[in-house]
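I am attaching a structure below and will ask some questions about it afterwards.
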Amino acid sequence: MSKGRLEAFSDGVLAIAVTLLALTLPTPDHYRKSLANFISTNWPSYAAYLASFLIIGIIWLNHHALISGATVVTRPAVIINLGLLLCVITVPYVTSLMAQYLRNGGWDANVAAALYSGVMCGMAFAFAGLFEVLGRAALAADPSRSYAAHAAARRRFSAGVIPYVICVGVAFASAYAALAVQFALAGYYLLDLLGAKPITEATST
Amino acid sequence: MSKGRLEAFSDGVLAIAVTLLALTLPTPDHYRKSLANFISTNWPSYAAYLASFLIIGIIWLNHHALISGATVVTRPAVIINLGLLLCVITVPYVTSLMAQYLRNGGWDANVAAALYSGVMCGMAFAFAGLFEVLGRAALAADPSRSYAAHAAARRRFSAGVIPYVICVGVAFASAYAALAVQFALAGYYLLDLLGAKPITEATST
Amino acid sequence: MSKGRLEAFSDGVLAIAVTLLALTLPTPDHYRKSLANFISTNWPSYAAYLASFLIIGIIWLNHHALISGATVVTRPAVIINLGLLLCVITVPYVTSLMAQYLRNGGWDANVAAALYSGVMCGMAFAFAGLFEVLGRAALAADPSRSYAAHAAARRRFSAGVIPYVICVGVAFASAYAALAVQFALAGYYLLDLLGAKPITEATST
Amino acid sequence: MSKGRLEAFSDGVLAIAVTLLALTLPTPDHYRKSLANFISTNWPSYAAYLASFLIIGIIWLNHHALISGATVVTRPAVIINLGLLLCVITVPYVTSLMAQYLRNGGWDANVAAALYSGVMCGMAFAFAGLFEVLGRAALAADPSRSYAAHAAARRRFSAGVIPYVICVGVAFASAYAALAVQFALAGYYLLDLLGAKPITEATST
């Protein structure tokens, strides 16, 4: 499996999943209320749409960095990548579920927010797994690499899973709080990326 | 971030958004009127479909020109590009909203046309921002480039935002006029592109 | 515009349009009849699905041959290509319209079949236009090319438009006959392609 | 037809088909039961979703291996590849049919499971055909290749069709058993792939 085809397929799935998010936005059927009223009533749909867009966008950025730094792509990495993509394609579904139930409220809103947070949590685990598998393959291919550096990076990467696990718990306490946590996490990662130095010299395709 | 992967992901999102436009076209449910009648009654849907197609097509053309001229892709450029893509994936939704409300008329049609024009306006701003960020990065990487040339291009580029801002105001006066302005803008850019000289020698993939 | 990005965007739109065809297949809502009965009643949907799949597949094959033979990609070629893509993304819509009205019959079935044939006709015209524009650009870039060879190829290519124009007329006489003509045309081109010699040595990506 | 464009188009279709699977997941309309109840009642939808995802993922992995090993891409191979893609784009449709009828039960569930298994069977046949056509072309291009090795690989590959044919029969006995067989087959192939040695050194795009 060349890195090129792994990236092309992953990019395809990410691009489609992000575009299908638009199908989760509510369409007015009844015309009983004004459009402005309809949109303001349905604000959770638009907020969930934006959160899911940001999360998939950040995954795309991180996925690129992870793969471009890899030296060997192993079958386990490809299988974990499929697990990541399974979570990605489920994002539009759980986004639409959460948006629908946030409007209705009640215990179901908590369940929907927990499902949403659970899928995001699954992505964080898949990322940590992908990092680990690619890092080990790189170590095996080039024994001169420092194991300590890999272990340190792993600790940092694995810690990234913790807030996503906590957010699943938060969802059972308050669905709105879970949505806010997802926004905060996405914003944190975006700002973190913004602060980083220019990624690379542009290279022609 | 290589230019190749930035283009691949953006092209993917643009290609999907443009194809999903087809889902905004109205399907006859009732069979109460003839198909010819149904289609002529729903002409705003077809007009909005065509306008959105042209706008996304022009974005694709300009996006290519912008990225292929870039020398350095920075993280801020990637983030602004995500903002542009957020607008792009929202196009099918606002297209369907505007088409639906143009048929019904009233104040809601104005609101829908303003939302539509607002998303197009957001794309124009993202483009101007992308141009600015890429231009500055190129200046920083190669100090021998002329700042005056960049500033002149920036003035031209920023001016392109103005008609889109005006169109949002037009929408509140008349939804149909806003749709007409969007068509005129798309037609102007297409003719402008048609008049330009052959873009480049073809290069094999 | 490099050939690579023109092909990538066109391939993306073709791949998505062909996959969205699946959304035109009828889903049983009522459970009043058996599934086998439902499927046999809705055979026009499956026939139209297959015809549209074959037509888009053949376009993809021919598009590849056309672009890979081009030496210069001009802006007019890019604009005509956008026109071709506009037809392509409309295919799922007219496929679903025709399938729906073939089941109902009457004059509307003729109108729907004429719309379907019209979109296919538009694609044939866009192809002929693309061929002409790319051929002229190649002649202008390399005056040693034979104009006679270009003109002969153009005659052959333009003639390909004729059956598609005729099919629009056939649709007004009989919707089923138009569908049969579309199948026959797709089958003819597929067999024609099958008979051709191996396309090219495989080249690594 | 370069291998690159064949892979790009196939990857595009596979990526879109896998992402459209999300549209087959059931959305609660009535709010009569709790969300947790709704999800547990609709477990066949989620199981079918997962099975289809795994099957398309494995096709992607095998497709890559098949094409990357090919030396000559012939038109017959391109045509068979189109047949494979026709099956792939039909997967979301038969997934949704099977999920819907598994909930309702009765003879229709058997018919739906047989359609589902039939599409999977079609993919297995297309794969065996693609293998045969690419292998023969490689033999013709390079007579020093061993025919015996090709014949042995063909026997192994053709045998892979048998369980898919059997599964169509199983569907008529029990729809649930057919779903279980599909899972078992997908799991077998995934484990088989996992056991294999690192696929390749990573190569930059």
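Letters A, B, C and D name the chains as they come in the text, with residue numbers starting at 1 for each one.
Going forward, contacts are C-beta pairs under 8 Å (C-beta built on N, C-alpha and C of every residue); 3 or more make two chains touch, one makes a residue touch a chain.
Quick caveat: nothing in here was measured; it's all calculated off a predicted structure.
Asks: Any idea what the CA-fit rotation angle from chain B to chain C is, to the nearest 5 degrees?
Replies: Fitting chain B to chain C on C-alpha atoms yields 90 degrees.
Asks: Taking each chain's centre as the mean of its C-alpha atoms, give the chain farthest from chain C.
Replies: A
Asks: Based only on mean CA positions, could you tell me how far chain A sits from chain D in angstrom?
Replies: 26
Asks: Could you state the distance in Å from the CA-based centre of chain B to that of chain D?
Replies: 37
Asks: Indicate the residues of chain C shared as contacts by at least two other chains.
Replies: In chain C, the residues touching two or more other chains are 2, 4-5, 7-8, 12, 16, 20, 23, 205.
Asks: Touching residues of chain C toward chain B in the complex: what are they?
Replies: Within the complex, chain C contacts chain B at residues 1-5, 7-9, 12-13, 16-17, 20, 23, 70-76, 78-79, 82, 85-86, 89-90, 92-93, 96-97, 100-101, 104, 107-108, 111-112, 137, 141.
Asks: Give the list of chain C residues in touch with chain D in this complex.
Replies: Touch residues, chain C against chain D: 7-8, 11-12, 14-16, 18-23, 25, 27-28, 31, 34-36, 50, 53, 57, 60-61, 64, 68, 190, 193-194, 196-205.
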